[in-house]
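First chain written, first letter: the chains are A, B, C, D and E, and each begins at residue 1.
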Amino acid sequence: MSFLFILAPLILLSALGAAALARPVHAALMLALSLAFVAVLYIALGADFIGLVQFLVYIGAVAILIVFGLLLTRPADEAAEAARSLRTQLFGLFCALPVAIVLLNVVASSPELDRAATAPQNLSVAAMGISLFTTHAAAVLAVGVMLTAVLVGAAMMIRDTDPEDLP
Amino acid sequence: MNPEPAVILEQIRAAVPAARPVLLRNPGPAGQDSILLDTASAQDVFRFLKTAPGLEFDLLSNLTGTDWPEPATAHSVGVPPEIPPPPAQGFLEVVCHLYSTLRREGPLVVRMRTADRAEGAHLPTLTPVYRSAEFQEREVFDLFGVVFEGHPDLRRILMWDEFHDFPMRRDYVAPDDYEYEPTPHEAVWERAKEHYAVPDGTSETGAPAPPQSLGLADEAACEAACSPLREERDRLSPNPPASDREVTP
Amino acid sequence: MSAPVDSLSQPRFVAGDNGDRLLQVSLGPQHPSTHGVFRMNVDLDGETVVRLKPVFGYLHRNHEKIAESATYLGSIPYTDRLDYICSLTNNWAYALAVEKLAGIEVPERAEYLRIITAELTRLINHTAFAGFILGDMGAWGSALMYAFREREKILDLFEDLTGARMMCNYMRFGGCRCDTPEGWVDRAKKVVAEYPAFLDELEQLLLGNEILLARTRDVGALPAATLLDGGITGPLLRAAGCAYDVRKVDGYGLYSRFKFRVPLGGHGDCYDRIMIRFLEMRESLAILREALDTLPAGPVINPKVKVRAFKPPVGEAYARIEGPKGELGFYLVSDGSPRPYRYRVRPPSFINLTLLEDMCLGRDLADVVVILGSIDIVLGEVDR
Amino acid sequence: MSAAPKWIPPGIGLLQGLAVTGKNFIGSFFRADRMTTVQYPEERVTLSPNSRNIPFLVFDGGDPDTGLRCVACGICEKECPPQCIYIVLDRDENGKSLKRPKVFDIDASVCMNCGICAEVCPFDSIFMDQEYELSSADRFKGLLFDKATLAKSATYHAKIRPLEAAAVAERKRAEEAKRAAAQAAKEAKAKADAAKKAEAPPTISNARPAGGSASPPDLSPTRSGQESDPPKSTQPTAPEEAP
Amino acid sequence: MSPASAPTFLETLPLLPQRLIGDALRSLGIPEAFAAAAETAVAAIIVFSLFAGMFALLSLIERKVLARVQNRPGPNRVGPCGILQPVADGIKMLTKEDVVPVSADRLLHFLAPVLIVIPSILALGVLPYGREWVPVPATLGLLFFFAVGAMTELSIFLAGWASGSKFPLLGAMRAIAQMVSYELPLILSATAVVMLSGTLSLPEIVEKQGGWTLGFLPAWNLFTPWGLVAGSIFFIAGIAEANRCPFDLPEGESEIVAGHMTEYSGFKYALFFMGEYLGLFALSSLGITLFLGGWQAPLPGLGFVPSYVWFFLKLAVVIFLFLWIRATFPRVRMDQLMRFAWMFLIPVALLNLPSAAVWHYAGGGLMGWLACGPFLVLPYLALTIHFNRKLAQSTRTYRFAE
């Protein structure tokens, strides 16, 4: 549990950095850092699998996606970003606040809270897999179909760019 | 294999009535006689030469300039007497060598002459007719100073943009200080030394001390040396000036 | 971004025709694959070329002006340095122009030697080309080293014959500077006989390679009429299917005596350009075999031509040869003095670049490098 | 090129390429003739006798000062395309030509080894060397070769270019013989004249220089022109003053 | 264990230092947790120094091999046969001026080369090098490997973006697109192994590849139909992940100078090199672990040789293959690279998963080969048809003019 007191401020600080830093790239990197800390937290709490998957998905894919988007944006936007006024910042805060309240409320009122705190059961990967493919099979299938569709779509998009020559 | 310029001359006269072509005899053993065109109808003539059946000179192999500051020399090399002598200050000439790949003929030598070597150094461009003239005309502009009217992108090509003279002209004098490295026995270095703030041109090793300044005494020269940097800076600014946009032909 | 200027290397964006922002990249003059100090200002949309402007002149030394202040003889060593891979063909083109200008006859043996050295030069150029273009495509120089190994053998022949490997300075007005040394013809025959085996190996390495196929097929193709309009000559033009070889058309030297074919491509893309050069090498080997076998005896230089104080009569002449890179021409005007009044090189490398932009538009940055490589330029000739 | 086969499985071209490079990889360990490079300072390729680099001046006999064949005619200086040769004619106190160079410099940093100087020299006195290790720490003076550096013996010439040297020696012998014959004829004629005219000193015998610097007959106009117009002796830069 | 296995002493030799230190600490009364941590640290240090040394060696061997392919002797001036060349290179790199462009983001510019080395080192920690030699035994080793590998892309992006220069920018764009695309087939091909091994632990995956088919053919995953496909995909995708020729587009020197490394010099540049080579080692090692039986001996009766020797021999062979390919092939183009990944590699990798399932239910053997055969043949057939269709469209014949 002591990990939480080290990691939580780090997560919060980097998340704050993500919100506050002027340059989008810096903000994106802070976001990635924050996500990485969350992954470390998972591992510290014994959920190795989830932690590593968090790493793989959020650092390896989500952060990269954001960053790749940034590569394609214009530096001129960046200058505008730097010059954003206090008003826009306040507006951002105003938007973020209700979300935070709702989230906190949901977590605090969750009946799982007590159970999770008392019984940190070490779920094996096998157990997780069994649960995924039995109780949650429908959801997994649906996600699988969707991802396949996305893959096919991506392939099609590449196909359209240049129908010429071979691999 | 060689085309008969005299025959082609007649064909030109028939096809382009406005043209006033003149046959120039080549005094040398090469026997490549040439056709001198007037500038007004030159493009039409070239278009005719390129497309007319039986001529089809589809390859402009070579386009270059010649500087004739002394009309007397020009006459000795092949200006026929029936041409009125050009102004005393001479003229610039553009020579084209055309080939027909279809009929495997060539070269047909065609020339054009400017009115003089200063303001009148204008000729019509051939780039719309022969694309291969594009860079060669730029080169002639760069080295001889012939302005090709209608050229899509007439800039200096071999010399740098800030260069002011036309080095292939015969009266071009190389600047004294075009190299500041000494070459033994090189009179150029002797003259160049005067442009640099070097006491005697040598240091202990025998190599020259690097010039303290560029030796550009006057403001104008300094301005000329700095302007490319300034332009570069201007170009880097977020809103590039309109001049940055190059014309795409 | 408070200051407008941070550094020159900073990504620079310019406006495109349709309002897109284009990344402006200066490829060169210091760039690994611009074959010297060539530079292209390329505007990129992503990695697609939208605009490409070649910039010349970094190696400009005003060769023509130098030649106009040198004697006719004194310019021959300078022609070596135009296209420094093919000094002998440069020599020949210049010698041919002077011979035309002064009406000089060339003895038969000298014509044979010229053909032999010129075809060996073509071999050198095309072999090196195959290595260079593979380097442009990112193969780590293996093909280049194989090519250079074979090139060495021909350079050894050149050294034996002319005294220098690259700056041969061999041809003279009315012939060649010196005769072949003892045993040279046999050595040349041996090199020529061994060359096809090397070509087989190189073709095996390159021509079936799927990556090379994918990189070069349908890249940089333009129709033959456009190429002709752009003044493009040599293997590039023939790769697009236009049968135009100055050796056949003009029949200069004694080429009309020799039996050889002119390979023609059908597509004009980079693959055809590579193939045409390979096929040309085979034809050159045929010419070489025949020329070496039938090399006649006799003098190698016209004794009537003066070495010192050579003065051609007043007049002008344009002569061209089929250089390995295209049509190499010299235009000379003589006013009767020992120095040319006007001396002009028609450089194939330079004029073949006229249509570079047209070939590259809409292609990738990676294709630009391959297309430039397939044009086969030497900056000594482009910038002169 | 024959038509491509109908059915090509993909990857064959790649494998062929790998086979070629693999063959070269293994071959490089076993076959010396495959190697492209020479390990330079240790190994050296033998130069062709025709190979040319920087020019040198030939002297006959043992003394480079007196034996120098060069007569400072200045033809090479004039013909040199990059103008890297610099000659000052040596004169005695009366200003009379001594037919030898006082200064003969070649700027190796400018010289492009074209060999035109050797080609145009009518006196067989300048030839192309095969020395290629010319680097110097001094960018300017180290690459300025003076007469002493350039002078090399005729034996050296015979060593690096036996054929050329033999031809030169043959030519010189023939000239010598011809000249001797001419001399003998003249002397005989003079003797005959003397016998006829009793007292008349022979005036011609001193007109030609002693030693091997006789000019071929076709070149006398150039030489005489040079004598009346000494080459650029007014130019101020002697090598020791040069920067 | 087979009876002819190597003596335990030899097998555990690489573990000797960590055991000695652990025992020493324990005998001093240090708490067990710290002693274990110290043991792990020592194990990691050994692995890291080993691979750092191999990096130095490889930088020489690569040049030697490339030179030999090109019929040159290669570096041979520093030390006997040039063996000290890496030292000279290191000194050179260290003494070079560290250039940072004015327009660079200084912090990120500094961070990028550091970040690029870390994931490779971390990944090397979980690999089983020998029967006993696993520096950090982790039950989720494979997942860990890919998770830390994700950081590489981020650091390459950092390098490209923070340089504030155009070639690095282009290089970074290429790198990210390429690595994201090729990570998919990489992971998918590894998934097949996980499916059949039923574990994410790398030592266990190797254990499962023990034994022999028909008495001589090792039971490596490569010698199964699905393993052959997955192994090939892994190899190709691995080349791309490691930015090696012919997929070295992010630093394609003939096009974009040096890609993301253009604006780096001195030691930072050396770090990039190190990161790249360590990544190459890590990927090759993983490939060996997954498909080539890890430390398992290639032939029966060779068990007396310490197992890690086999591992490193296999590593040497794989690395040589990388070098050989680099010496032969030209580089592909960006769109071709992407199309190859998305149109061929990923579909085949996906198709391979059912193939693995079929193999599992067919119980392997001849039955399995027959059942999986179509999965093996079909993609290649498709590729052949596609290739020949494209080729047939433009079969080139050349005319000759007389």
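Note that in this section contacts are C-beta pairs under 8 Å (C-beta built on N, C-alpha and C of every residue); 3 or more make two chains touch, one makes a residue touch a chain.
Note that the structure is a prediction, hence the values are computed from the model and not measured.
Among the chains in view, C has its Cα centre nearest the centre of the complete protein Cα set. Of all chains, the one whose CA centroid is most distant from that of chain B is A.
Two chain pairs are in question, B-C and C-D; the one with more C-beta pairs in contact is B-C. Distance between chain A and chain D, defined via averaged C-alpha coordinates, is recorded as 80 Å. Chain B and chain E, compared by their mean Cα positions, are separated by 59 Å.
Per-chain Cα centroids separate chain C from chain D by 31 Å.
Measuring from the averaged C-alpha position of chain C to that of chain E gives a distance of 43 Å.
Counting partners per residue, chain A has 165-167 as the residues that reach two or more other chains. For chain B, the set of residues that touch two or more other chains comprises 238.
Those residues of chain C in touch with two or more other chains are numbered 10-12, 142, 145-146, 149, 205, 209-214, 217-218, 275, 279. Considering their complex, residues 105, 108, 139-140, 143-144, 146-151, 153-154, 157-158, 161, 169, 172-173, 176-177, 180, 183, 200, 332, 335-336, 338-340, 342-344, 346-347, 350, 383, 386-387, 390-391 of chain E touch chain A. Per the touch definition, chain C reaches chain B in the complex via residues 4-5, 8, 10, 12, 14-15, 51, 53, 56-57, 60, 62, 64-65, 100-103, 226, 228-233, 242, 244, 249-250, 312-318, 320, 327, 329, 331, 333-336, 341-342, 344, 346, 350-351, 353-355, 383-384. Those residues of chain B that touch chain C in the shared complex are 1, 26-30, 32, 58-62, 64, 66-67, 73, 76-78, 95, 97, 101, 104, 107, 109, 130-136, 143, 156-160, 167-168, 172, 232-233, 235-238, 240, 244-246, 248.
Residues 1, 3-4, 7-10, 14, 17-18, 20-22, 24-25, 27-29, 34-37, 39 of chain D touch chain E in their complex. In the complex of the two chains, the chain D residues touching chain C come out as 1, 10-14, 16-17, 19-21, 24, 34, 36, 47-52, 75, 79-81, 112-116, 119-120, 128, 163, 219, 222.
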